[in-house]
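Shared chain: chain A. Partners: chain B in the first complex, chain C in the second.
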Partner chain A sequence: MKDSIRWIIHITCGGILIVLLGLHMGAMHLPDIFKFFYPLPEGSDPVQWSAVISRAKDVTTYALYMIFLPVALYHGLYGLWNVIAEALSSRKLDKIVGWVIVLAGIALYIYGAYTTTVSFINKGM
Partner chain B sequence: MEMEKMRKFIIVVQRNDPSNKQGTKWNDYSIEVPRGTTVLDALIKIKEEQDNTLSFRYSCRMGVCGSCGMMINGLPMLGCQTQIYDLESDHIEISPLPNYDVLRDIVSDLTNLFEKHKSVMPWIIRNDSKETDNPSGEFFQSPQNLEWIYQFTYCLKCGLCLSACPTAATDKLYTGPQALAQAYRYIMDMRDEGFSERLSKIDDSHGVWRCHYASSCSQVCPKGVDPALGIQLLKREVVLRKLRLKRQRKGAEVLSGPIEGAKKKEGIPSAPPKNI
Partner chain C sequence: MNSKMEVAKKIKGRDAHLGIIGWFYAGRYWLERYAYIVHRITGLAMILYLVLHIFVVGERAKGQEAWNAMMSKIQSPLFEFLEFLLLVAFIVHALNGLRLILIELGFFVGKPSRPKYPYRTSISKQRPLVYLIMLVGAFFIVVSIYEFFKLGGGQ
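Moving on to the complex of A and B:
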């Protein structure tokens, strides 16, 4: 894949992250304003265990996390690969590190998606 | 006649000799010079009067050839364009440009710069080889197009931008601000059709995407070129063409002669006769 395509995806993911992280931060820290997005159980705080479990059961939050996970992973890991590639300054090592990062990304995605899905299906861990 | 006022400066020059394994050393030279003296003039004076072993490179002495790039008090500058009185210090440190190998003393090896410059094919590329091999006239270029790329045509290849670039300091394979800005200059030239030929060098993991927009290249350019801007515009150009939001244009046609029967406006002199 050409670097321009990787870079376009990276920037697109950055844009999506601004929206998704904004929603997440809003739901966590400004619950009164963001109650349209995620209504809290009566009298609970967004970071309380009961609220976390309640979110895990919520289909909107599940969908959001399932989008958030690959987007954040790609954005972060591509950034990491760039830092390493710049420091190594070797085309051969670029490729090796690139494949290690791709495999790590896939493993992290599987683990993250599994945890989120299990939490959603089981209505909480 | 009034005596020219002189001021004393201590010039500290880094001495390098790659063949000598003792490493670098610093030599101090004390000189008295009048206002208007450049750092290059001071070095020439030192070489003539104090130390004929001092090596530095220069040619035009007027900021055109780009030969005398050096670090002056920690900043990459052209020796011939830097007034010694403007440095606001009596103590001046001179060393070779970073991000290059050193040939001797403050003479940097610019081979790397020229290789990178060459790699982006800094010339007009056309698909019509018949016309380029046997030109029948000039290719048309609009004043607007010339204005768009004009600042990038001022590049001297002095290498100051590459020496100031923090990315080039860590990534030796990075194409660099000079070459990328020149790639943009030729890609945007309406006579050029070589975008796809240059793409492999630009759209590379050590190409245009490696620039983090530190902009130090633009700050040190002695001709006021803004390579950092050129690189960002080049990124936009690559993205637009990759997403097919902009098409590869056809290079400008050869200028045709005046329309037959057209009347010449008064006051416009005749063209000189052809000499080739």
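Moving on to the complex of A and C:
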């Protein structure tokens, strides 16, 4: 893939993250302000089990997480690769680091998507 | 070997960069360059957090007991403060990222012109955007401090 294409994907993901991560951060850390997006019962915490599992079972939230995860991983790991590549003095090493990051990204995506899906479909929870 | 050849060899081998030290040297680029340094630091902090976050949140797939055990490990004043720093890092990174996207798309750089001496710089067109994102960022950070630490009361 050309560098220019990778860069366009990177900034597109950045634009998507401003919205998605903004809503996620707001709902988790500033729940009183973001109750228009994610209403919580009075006095409850967004990370208590009942709230966590009600989000996990919600089909809209599940779909958002499944978009959010690859977008965040691509944007973050591509940025990380750029930072590391700049500090390296060998193009061969750049490529090796790049592939390690790609494999790490795929592994993180599989794990994240698996736990999100298990929480969504598991009726015992 | 003459000095020109030495420099050419260094550039070819990419030894001419300043390395990590170069991150903290803004030179005459000043404010935009410092914004770039902060963008990198906040970005690295967030990618590190994302990796940890995937594993922490993954505990919910193991059931309520595993989730509560994980929460009891990470719900401490230190972690809460680190989460607040993460929120600040997001605000800074997102607003500066928005500025970079606008500039990438050709906004706030002025109209293109031929490179005639004395050369024109787009700094005067870009700088107000930096001031604007600093103001908006400061506003969001103040609101976050107020809400995150419940300065207005409440739970």
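One rule holds for everything that comes next: the second predicted complex is superposed on the first by the 109 of 125 C-alpha atoms of A that agree within 3 Å, B and C clash if a C-alpha of one lies under 4 Å from a C-alpha of the other, contacts with A are read in each partner's own complex, and residues count from 1 in each chain.
In this section, a contact is a pair of C-beta atoms (placed from the backbone, for glycine too) under 8 Å apart; a residue touches a chain by one contact, two chains touch by 3 or more.
What you see is a predicted model, and the numbers here were worked out from it, not measured in a lab.
Partners chain B and chain C, brought together by superposition on chain A, clash. In the superposition on chain A, A:Ser4 makes contact with chain B only, while chain C stays out of contact range.
In the superposition on chain A, contact is made by A:Gly15 with chain C only, not with chain B.
Contacts of A:Ile53 after superposition on the shared chain: chain C is touched, whereas chain B is not.
In the superposition on chain A, A:Pro39 makes contact with neither chain B nor chain C. Look at A:Ala87: by the touch rule set out above, it reaches both chain B and chain C. Partner contacting the larger number of chain A residues, of chain B and chain C: C. In the three-chain model built by superposing on chain A, chain B overlaps with chain C at stretch 115-123, while the rest of 79-87, 115-123 or 133-141 show no clash. Looking at chain A, you'll find residues 86-87, 89-90 touch chain B in one structure and chain C in the other. Within the complex formed with chain A, the residues of chain B that make contact are 167, 170-174, 203-207, 209-210, 235, 238-239, 242-243. Within the complex formed with chain A, the residues of chain C that make contact are 13-15, 17, 19-20, 40, 43-44, 46-47, 50-51, 54-55, 57-58, 60-61, 63-64, 67-68, 71, 75, 83-84, 87, 90, 94, 97-98, 100-101, 104, 143-144, 147-148, 154-155. Partner chain B is touched in their complex by these residues of chain A: 2-8, 82, 85-87, 89-91, 94.
Put simply, chain A touches chain C in their complex at residues 11, 14-15, 17-18, 21-22, 25, 29-30, 32-33, 43, 47, 49, 52-53, 56, 69, 72-73, 76-77, 79-80, 83, 86-90, 108, 111-112, 114-116, 118-119, 122, 125.
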